Every structure is written in C-alpha cells, then in structure tokens.
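Given below, in the form of structure tokens, are the structures.
There are two complexes below, and they share subunit A, which is joined by subunit B in the first and by subunit C in the second.
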Partner chain A sequence: MQTQPVVKPRPAWYVTWQRFARNKPALLGLCVITLLVLTALFAPMLAPYDYAKTNLNNVEKPPSAEHWLGTDQIGRDMLSRLIYGARSVVFVIFIVSTISLTLGLTLGAIAGYFGGWSDTLISRVIDFLFAFPDLLFIFFIAATLKPAIVNSLKSFGQTNNIQGLVDFVRSGYADYLVVMVALSILGWAGLARLVRGQILSLREKDFVLSAQAVGVPTYKIIFRYLIPNSLAPILVAISMGLGGIALAEGILAYLGIGLQPPNPSWGIILSDNVGRYWREWPEMLWLIFLPFVIMASVVFAFNFVGDGLNEALNPELQ
Partner chain B sequence: MLAYIVQRLIWLPVLLILISLVTFALGLYGPGDPVQVMMGLHTNPQIVEQVRQEYGFDQPFLVQYWNYITNALQGNFGYSLVKYQGQRVSDLIAKRLPITLQLNLVAILWSVPLGIALGIFAALKRKSWLDVFVRGVVILGISLPVIGLMPVLDFALSRKHELGALVIGPFLPPGGWRGIFAPHIIQPAFILGLGLLAVYTRQTRAAMIEVMSADYVRTARAKGLKEWMVVMRHALRNAWIPLITIIGFTLAGLFAGSFLVEQFYSIPGIGALAYESLLSKEYYVIMAFTLIAATVYVIINLIIDIAYAFVDPRIRYK
Partner chain C sequence: MGNVLLDVRNLRTEFVTQDGVVHAVNGVTFALEEGETLGLVGESGSGKSVSMLTVMRLIPMPPGRIPSGEVIFQGQDLLKLSPEEMRQIRGNKIAMVFQDPMTSLNPVLTISTQITESLELHLGMSKDKARKRAVELLKMVNIPEAERRLDDYPHQFSGGMRQRVMIAMGLSCSPQLLIADEPTTALDVTIQAQITDIVKRLKSELGMAIIWITHDLGVIAGLADRINVMYSGYIVETAHTKEMFANPLHPYTVGLLGSIPRLDEGKKEKLTPIEGLPPDLVNMPTGCPFHDRCSFRTQKCLEENPPLMSVGVKHWSACWNYEAVREKRDEILHREILQPVTA
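For the complex of A and B:
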C-alpha cells in the first residue's frame, strides 16, 4: 500500500483572501473603506471643530493652518463637516445592510426552503416592492410617511414626557431613521430573491437530503447547511450594493429628503454650496470639488471591493 | 408558453390594484389627516368640516379610493392644491412630460449604442488596453456621484475662466430648456447618459464573453468561418438576449436621473415637477406621479419578461 504525503488543505477563506489580495484596486478600495470606518468611529477625536459651529467673521476662507480645508458660507469648518459626514454615511450603510441582510436571509430562506404559501406570499411582496422604480419608492416614502413618523415620535415624546425622544427628533436623527427604513425596505427584497433562488437549487442536493433523513432540525438545515453554501453570491451582492447605499444617502440628503441640516452629510454639504459657489473660483475647489472627490472615492472603493470579491469567489467568471 | 403568459397576466391587475391602493393610502393619509394637511394648523373647525364634505373626505376609505381610481382611469388625477392652485394635475403632467421624454431620448441615443459597441469590442479584445479602458469607463459611470459631477462639470465648462470662454462656453451653454435641438441639452443629456453607458457596456461585455466561449462559436470557427462572420452571425445574435432584461432597469435609472438633472439644470420636466411637489406638499401630484410611473414600469417589465420568454425558450420551462 502506498503512503500519501499528508497535505493539510488550506482553509477556503484563506484561498479567497489570496485571490482577493492579488487584485490591487480591490486592496486599495479596502484601505479606503478602513480609513472611512476609522474616521467615522473616531470622528469626535479627529474633528478639530464642532461641525455645526458657525463663525460669521470667518466665512469662505481658503485652507489655512487653523482650518485645514477652509470654511463654508457661514464659517463652519469644512474638515470637521467632512469627517462627521463620513460618520453619517457609515452609520446609514451599517444599519441598512444589517436590516436588509437579516430580513433578506430569513425571508428568502423561508420562501426557498418551505415553498408553498409562504413562498407565494413572500415572492408576491417582493414583486410588489420591485414594481416601484427604487428612487421613486424612497422618494414617495420620504414625502408621505416621514412627516407623520417624525411628528408622531415627537408628540409621543411630549405627551409621555420623554425628553430623550423629543431631543432625538429635534436633533434630526429621526430623519435618519426614515431614510434607513426606506432603503432597507428595498434592500431586503433584492437579497431575499437571490437567497430564495440559491436555496431552491441547494434544497434538492444530496447532503441536504441526508441531513433531513437523519433528522437534523429544520432551522439547523437552513442556517448550517443551506445559507453557508449560498454565501458567495450573497456576499458579492451585498458588497456591490454598499456603494449604492452610500450614493443614495448622499442623493437623499442633497434633495432635502434625507438627513436634515445642520447635521453633516456629504449630500448636504454639496447642496449647501452648489447653490452659491459652483461657478466661483477658487471657492468651489474646497466647497464642492473636495466633497465630490471624497464621495466618489468612497463609492469607487466599495465598487472595487465588490468586484474583487466577485472575482475571488467566482474565479471561473474572469 | 401560453400558460406562462396567462399566469403573468393574471397577476398584473392584482399588482396594479395593490400599487394604486398603497399609493392612495400613503399619499393621502400618510402625512396625516388630508384636510388638516391641506389647510394648515390654525383653522376654523367649521370650515374644516365643510371642506371635508366638499372634497368627499368624510366618505369611507374604500369609496374615496374607488372615486379616485375611476377618475384616474379617465385621466383625472385631481387638482393642485398649493403651488399651482386650481390646475388639473393631469394638465401639469401632460405639459411637462414631453420635455423629460425628449431629454431622456437624447441621453439614450448617445449612450446605449455607444455602450453596446464598447461592450462588444472590449469582449472581443479581452485584456487589451481597450478592455482596461472600457472597464474604467464602466466603473466611473457607476461610481461618480451625479450630485457632485454636475457642478464640477458645469464649472469646468463655464465661461468664467479663459478656456471655457474661448472654446467650450459658446458651444455648451449651461442650464435651461430651449428644446431638443438647442445646445443647452448637451450637458444634461451627457450626465443622464453616463449611468446608462456604464450599465449597457458592462452587460454587453459580459454577454459577449459568455457567448464567445460557447460550443457553437467553437464549432463555427472549426468549420472555417471568418472571424467577423462568427461574431456577426453566431455570437452577436445570442448576445442580444440578456440585454433585453436591462431595459426595465434603464427606465428606473432614467427616472432617478431626471430628478437630479432637471433640478440642477432648471429643466421644467416631470422630475422637476415631482421635486417641486415634494417641497410644497402637493400630494395629489406626487400620487399621480408615483401611480403613473409604477404602472408604466410594471407593464414594461411584464412585456420584457414575455419577450424574453419568446426569444429564449429555456425561460418558459423553468
């Protein structure tokens, strides 16, 4: 009998990482995202000034030693506003992807695994959500439900004397909430459709049938057998979607239906300054061009990482 | 085939009823009591009741819905209550829709053919400099935030500095709407087309790559066909099929773009109308807009699905 040399197989994540790391743009994108997340986490320590503090004696000043990236039309420090803007983006991305991932995985898996009326119901809800062009849907929710939600939160806080809730609404963070719910409502539907398709094709595979035969509980089959095996396309879909969420957050804030001023968002910075400065030289350099470049590089980074993950997880594609 | 079409057609009216019901409920009651919203905070309760009866808001919800829908089907979407007082919503939309359609037509005409051509060439010359360039264009088109790109581009092309005044300014005037043949359309149509260009290029490239590695292409080559014959007669004809599926996506994208582009370049199209209506709480306009857009979107997606089943028999038997 021949003896085989024992070669320890490398874990799958390591192989994927190696393929990913060979992709230079993806690696660069990962660095940008890390930077973004760190900036968001440590914003209060990094920002030299209060992002909302105005100083009318010091408006439209070019970059200087005190204000590294200059000041805007009411004397707010641009660097601090950009740093806190990063915080808004990261926060929205984190919440939206968590909600849509949870809902999408659970409902998609239920629809795909059980079939029958639960599949019909969930699939029809997804069809219904897809009937609206996505920005229209968010726009519609923001136009109709947002005032009602914000007002009822506020009056609930006032009648029940919950000062925290009133402050929360007044601070404008309730607007965050509405934007995020609207974005998540769309996000989960796309993911659920993907998960459902994956599970449908895996359900008939032998390893699942044998697990059922030996009596593995259903939730375990779903979460231990089916979802891990359909993880690759799900990961790719999520990472491809993150850039879109960042863009949507900016656009909604720009249009005035997302986060409200004086809260910092890159979209608000742009809309504040576009009205006055977009043809002024050199003010437009730090008031418009800079936020634009920062926003673009973040979206680039997410798309590069998504592409890199796609190539690393599906090597046969390229 | 027939069964597939019938199955889709049965679902269509259900979907349309759901869409209209949700649009009506959220559009009218989402912001709160419609009469209060219409009349503001400080009102005489007697007059409020009078208005409520006059506009039929005292009737049961389903009766109101039925009245709204039967009117809408006859082209009457109610009247503007705030900004364009007394004007029919249908007149407002009819006046502005052609402008948006013309703008989008120009955007489609330059970007879609170019995208398809770029995609084909990139797929045929994979890993060449052309392919790298094309992939760059794709990722730019997807990632650049339009809200920052518009002011930056507009500044770059403005007459305020020498280059703009001498070369570009006279040919690329900013903003406004002077009809489809005026040079004013170039900038907005360029911006609107960027996203389309990216999507069509990417999709065509992917479809062509897949087709070019198919067995029948190898067979065609093996029997000695010239390369251009292989591409034109065997590959291209099959690569068109997946392109059909992104037409619906195109619509949604154009819709989203129209909001931002029309607002920035002061083009009085339907996107600008929707935005103004949002700011001035014109709920009847927003409802009509959502209803029409979602209906058109659903019907076109249905036509696409059926067309897809016709050209690709594999879909029917899923």
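For the complex of A and C:
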C-alpha cells in the first residue's frame, strides 16, 4: 500500500491568516489593538502616577523625565491619565460588543430563519432605532434613565447596607452603565439587520435543504449551518463597529453625557484641554493632540483590521 | 417485491403568493413497491420536485399548504406526523439527494462531519463507529483514498465526487426509499453515467426503492422500472418503462419523446419541440391542462379534464383521444421500427 507521506491540506484558518497577514495596514492595526488591550489590562502597573492625583505646584508642564507626557492644568500626569483612558475604552468596547453581538446574532437569526410575525416585530424595532438620531437617543437615556438607575442603585445599597454598591455609584462607575446600555441598544440593530439578511439568503441554499432532508434538528441548522456560513461579513462588521464604539465613548465623554470626571476617558481629557487651551495650541501640543491622535489611531486600527478581514474572508475579492 | 412501500393518494400542494394561489401539485396518486425504481418525468414547473418535497414534508409552510392528500409510508400517513416524528424518518427511512452537488454540501463543515451527522442522529452511533461507517460509505460510492479524503472540505471535491458524497449521505442509514431530485442534471455526461451506474449497483446491493426525478428521458430509460409523466401538477401518463417508450399514449409523452435526439435517425431530421408554454399554475385553464399545446385537441378537451384511464397492461393515460394518439404518433416521432410491446 501507499507509504509515501501525504500532503495535508492547510486548515482554513491558516489560509485566512496568511491572506490577512499580507495586508500590512491590517497587521499594523492588529498591533495597535493588541497594545491597547495590554495597556488596559496592565494599567495599574504601567501608570507611573495616580491618574487623579493633582499637584498644583506642577501644572501645564511639557514632557520631561518625571512626567513623560507632561502634566495638565491641575498637575495630573498625562501619561497615567491616557493609560487609564485606554482602560475605560476597552472596558466599554468589550461589554458593548458582547451585549450587542449576543442580541444582534440571536434576534437577527430568529427574524431571518423563522420569518412571520417575529421578523416583522424585530425588523420594525430595528427600523425605529435607525430612524432615531443616535445622539438624541443617548441624551434621552442620560436624562431619563441615568438618574433613575443611579438613584435606585444608591437607595438599594443604602437600605440593604451594601457599602460596595454605594461606593460603586459614588465613584462614578454607574456612568459606565449608562454609556454601555445606550451604545448596546443602538449597536445590536445594525448587526441584527446584517445577520437577518445573511440568514434569509442562506436559508434558501440547497445545503440547508439537504440538512433538513437528513433530519438535522433546527437548532443545529441555525448554529452549524447558517451562522458559520454568515460569519465572514459579520466579523467584518463587528471589527468596524468596535472602532465606532471607541469613538462613541469618546464623543459621549467629550459632550459630558458619558463618563464623568474625574474618571479617565480620552473624551474627558480632550474636552478639558481643548476648551482651555485651543488658543495657544502650538505650545500645548501634548495636551491637545496626544489624546486626539491616540483616539484616531485606535479607530483607524479597527477599520484597518476590518478591511483586512474583509479581504481575507471574502472569496470574491481574491 | 410486491409490497407497497409508498402510497400517495390525491396529493395536492399549493403556494399562496401575491399573484394568487399557485396550484403546483393537483391530485397526484401513485403507489411504489418495495425495491422498485420509479422515474418521475416532466418539464420545469410540472410539479415533480414539489410533489416529492411534499412527501418529505420539506415544503415551507407558509407560503405552501397541502389542502388534501395522504402519503402512506409503511402504513403511516406522513402528512399526519409531528415535525419531530417526521425528522426521525428523514434521512433514516427516506433519504433525498438534490440536483446541484456544488451547493448541497455545507462549505464550513468537513465531509466526515456531514456524513456522520445522520448516523449519529438516527442510529445513535458513537463518533468512532460513525467515522468507520463513513469510510465504508465513501468506498461504496467509489471515492478513492476514502480515509484521507474524510477530513477534506467540500471545496476540495469535484462536482461528480460531491454528488457521490451526497449519495453516500443519502444511503448512510440504509433507507427504504431514496428520492433523487435530478441528481445528474448539473453533471457532464460521463459523470452522469458514473453516477447512474453507482446508483444501479447500490440499488441491487441494498434493495431500496428509488424515485428518480428527471427531465432527461435518456437517463431514466436505463434506470427505471416504471415512469410517471407529470404535466402542470398532474400525472398524465404512467406505464412500465419499455411500454412507455414503445407505446406512448399521451400527446405530451409523445412530444417529449419527439424532442430527444436519436442515434438511429437520419442526420437532417430536426427535433420536434413541443409548441407553446405550460399553463399558468395560478389561473389553470378548464379542461385538460395540455389542450393549448395539443394537436389532438377536441371540444371535450376544453370542457373536461381527463382522469387517468387504463389504456393497456398497467398503463394509464389521461387523454380523451389516446386512440388517435396511437394512430398518429409514429408520424410525429418519425419512426416505423418500434412496435408496441404486447404483454
């Protein structure tokens, strides 16, 4: 019989990775994202100072050996603030994308596969969310839901003597909740619409009929036949969406309806510094341009990775 | 042989669309014996595939609906089973192979996963056992180096190989009935011959019944014991294969036979197409559905739809004027050689 070694076909993920790696901007984007996540994870170890500690004897100092990226108008270390800002943005991205991915995949798949009234209901909700201006919607949540959530959390903590919860609200972490709820509610709709369309077209494919003809149960058809086959465009959309979430977190903080000072957010750093120093910006580059450049490169990184994934996963572009 | 395996009675399938109700299958009745091969012949839209998808309960409902009919398989009416009971039958007792092998396999799962799926589902086999069986199945349909190919993805297989994989999947649980929906249409002629040979061999080895849907009379001639000719949702003629080719008694069957090329015919003879188009399945004409295209048409054809009438030994035709067809058909078919089979 045959004894010669057999050439094993390369696994699909390896081929995809090779195609992805050929795209240099995408690779660069991946590096930036990895750096961002590592910074966020190890922020307490990396930051040289407490991000909230003020030092009024040492304000508006340009970069130096002690403060690598200088200090702001009340003497806080810019490097530490930017590092902790990465933590906020990664935290928000992680939670928001998890929630909107779960909602989007499930609801989109239900609407696409089962059709009928479930499709009508889900599609109308998506239409409503699309028709409503995003920022207005978030203002609405910040104005109505935020105080309700914060107060109920606080009173629940006080009546039940849960000091941790009271501290949680006082420390401003409840602000994260508002940002995340608002972005998740808005974020799932686009994904669900994409998934629904994918499932609708895949549902008619012969291999789904073949699977039904073999007696494969419905849940297996959805999770092993429909969703894996629609994964490529979904991955691309998610990757592009993450940049959007990062930007939205910054914008909300900048406008003052997201995270609140003294919590660190690149948006807050920007609004603090731009408002104060925009006239003398050439002398205050580290305060105005650094947070801006960092934010922009994160958004670019996600978009580059999205483009790279699109090229690597879309068979028509090869 | 001799026992009735599948008994379809007065089966109707309709689709509710924006343009109205499409009458896809209009009261189809036939029986299939164990181990028999039945050819289902007709042009696109004649209800061949839809009637078989109805038997499998794979019609999407809505928009589809089954206003009447019984599908008795081994003594139970498939149309009355719960979806779960029906799922137990699909792939296990009745299997179906589809037309286009290029799209009938899930691109993201390996061949092995897709073949072992029904083995694990229906026969409760362990992963190892199912894998061994999958290798046997692939060998049975002549896939070379089956062990090695098992972990390949569908895109690493050619069209003919994929169709053989589909057949292997269909046969995995040794079904009593295999429904093949134009399994050779998307393949080129040499591969067609391979596939039909494999199916013929497996049929004699496994003794299952086959319903072979096709519009290719050449393929069906060498394969089927009996042929049902369908037109706009009706069975218009049914007979044993030899009888059907020698003694067609429905103008539509005559038309179909006239439109296939023949080796024993002079080069200059033109093929005879069937003029016109099949009727609109939303607004079905009164009378015989074929009357618009029929050269044997009489007044009665416009008024009354003919039922299947016994016109010979195990031979039924739904034509009021089958005697006229018997006399004139050889002219249409340009033939003098063939004589009716006398049984």
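As a working rule, the second predicted complex is superposed on the first by the 304 of 318 C-alpha atoms of A that agree within 3 Å, B and C clash if a C-alpha of one lies under 4 Å from a C-alpha of the other, contacts with A are read in each partner's own complex, and residues count from 1 in each chain.
Criterion: a contact is a pair of C-beta atoms (placed from the backbone, for glycine too) under 8 Å apart; a residue touches a chain by one contact, two chains touch by 3 or more.
Values in this document were obtained by computation on a predicted structure and should not be read as measured data.
Considered on the superposed subunit A, subunit B and subunit C are sterically compatible, since they fit side by side. With both structures placed on the common chain, the touch criterion links A:Y51 to neither subunit B nor subunit C.
Comparing subunit C and subunit B on the residues of subunit A they touch gives the larger count to B. Put simply, if you stand at the Cα centre of subunit A and look at the Cα centres of subunit B and subunit C, the angle between them is 90 degrees to the nearest 10. In the superposed pair of complexes, A:F128 makes contact with subunit B only, with no contact to subunit C. In the superposed model, A:F20 lies in contact with neither subunit B nor subunit C.
In the superposed model, A:W286 lies in contact with neither subunit B nor subunit C.
In the superposition on chain A, A:F140 makes contact with subunit B only, while subunit C stays out of contact range. After overlaying the two complexes on the shared chain, residue contacts for A:A213 are found with subunit C alone; subunit B is out of touch.
With both structures placed on the common chain, the touch criterion links A:L255 to subunit B but leaves subunit C unconnected. Once chain A of one complex is fitted onto chain A of the other, the partner contacts of A:A296 are limited to subunit B, with no touch recorded for subunit C.
Superposition on the common chain places the nearest Cα atoms of subunit B and subunit C 10 Å from each other. Residues 124, 127-128, 130-136, 139-145, 147-148, 151, 243, 247, 250-251, 254-257, 267, 270-271, 274, 278-279, 281, 284, 288-289, 291-293, 295-296, 299-300, 303-304, 307 of subunit A are the ones touching subunit B in the complex. Put simply, subunit C touches subunit A in their complex at residues 56, 58, 62, 87-92, 95-96, 98-100, 103-109, 117-118, 121-122, 148, 152-153, 156, 166, 169.
Contact residues on subunit B toward subunit A in their complex (touch as defined above): 11, 15, 18-19, 23, 26-27, 30-32, 139, 142-152, 154-155, 158, 160-161, 251-252, 255-256, 259-260, 263-264, 274-275, 278-279, 283, 286, 290, 293-294, 297-298, 301. Across the complex, subunit C is touched by residues 6, 9, 12, 116, 205-207, 209-217, 224-225, 228-229 of subunit A.
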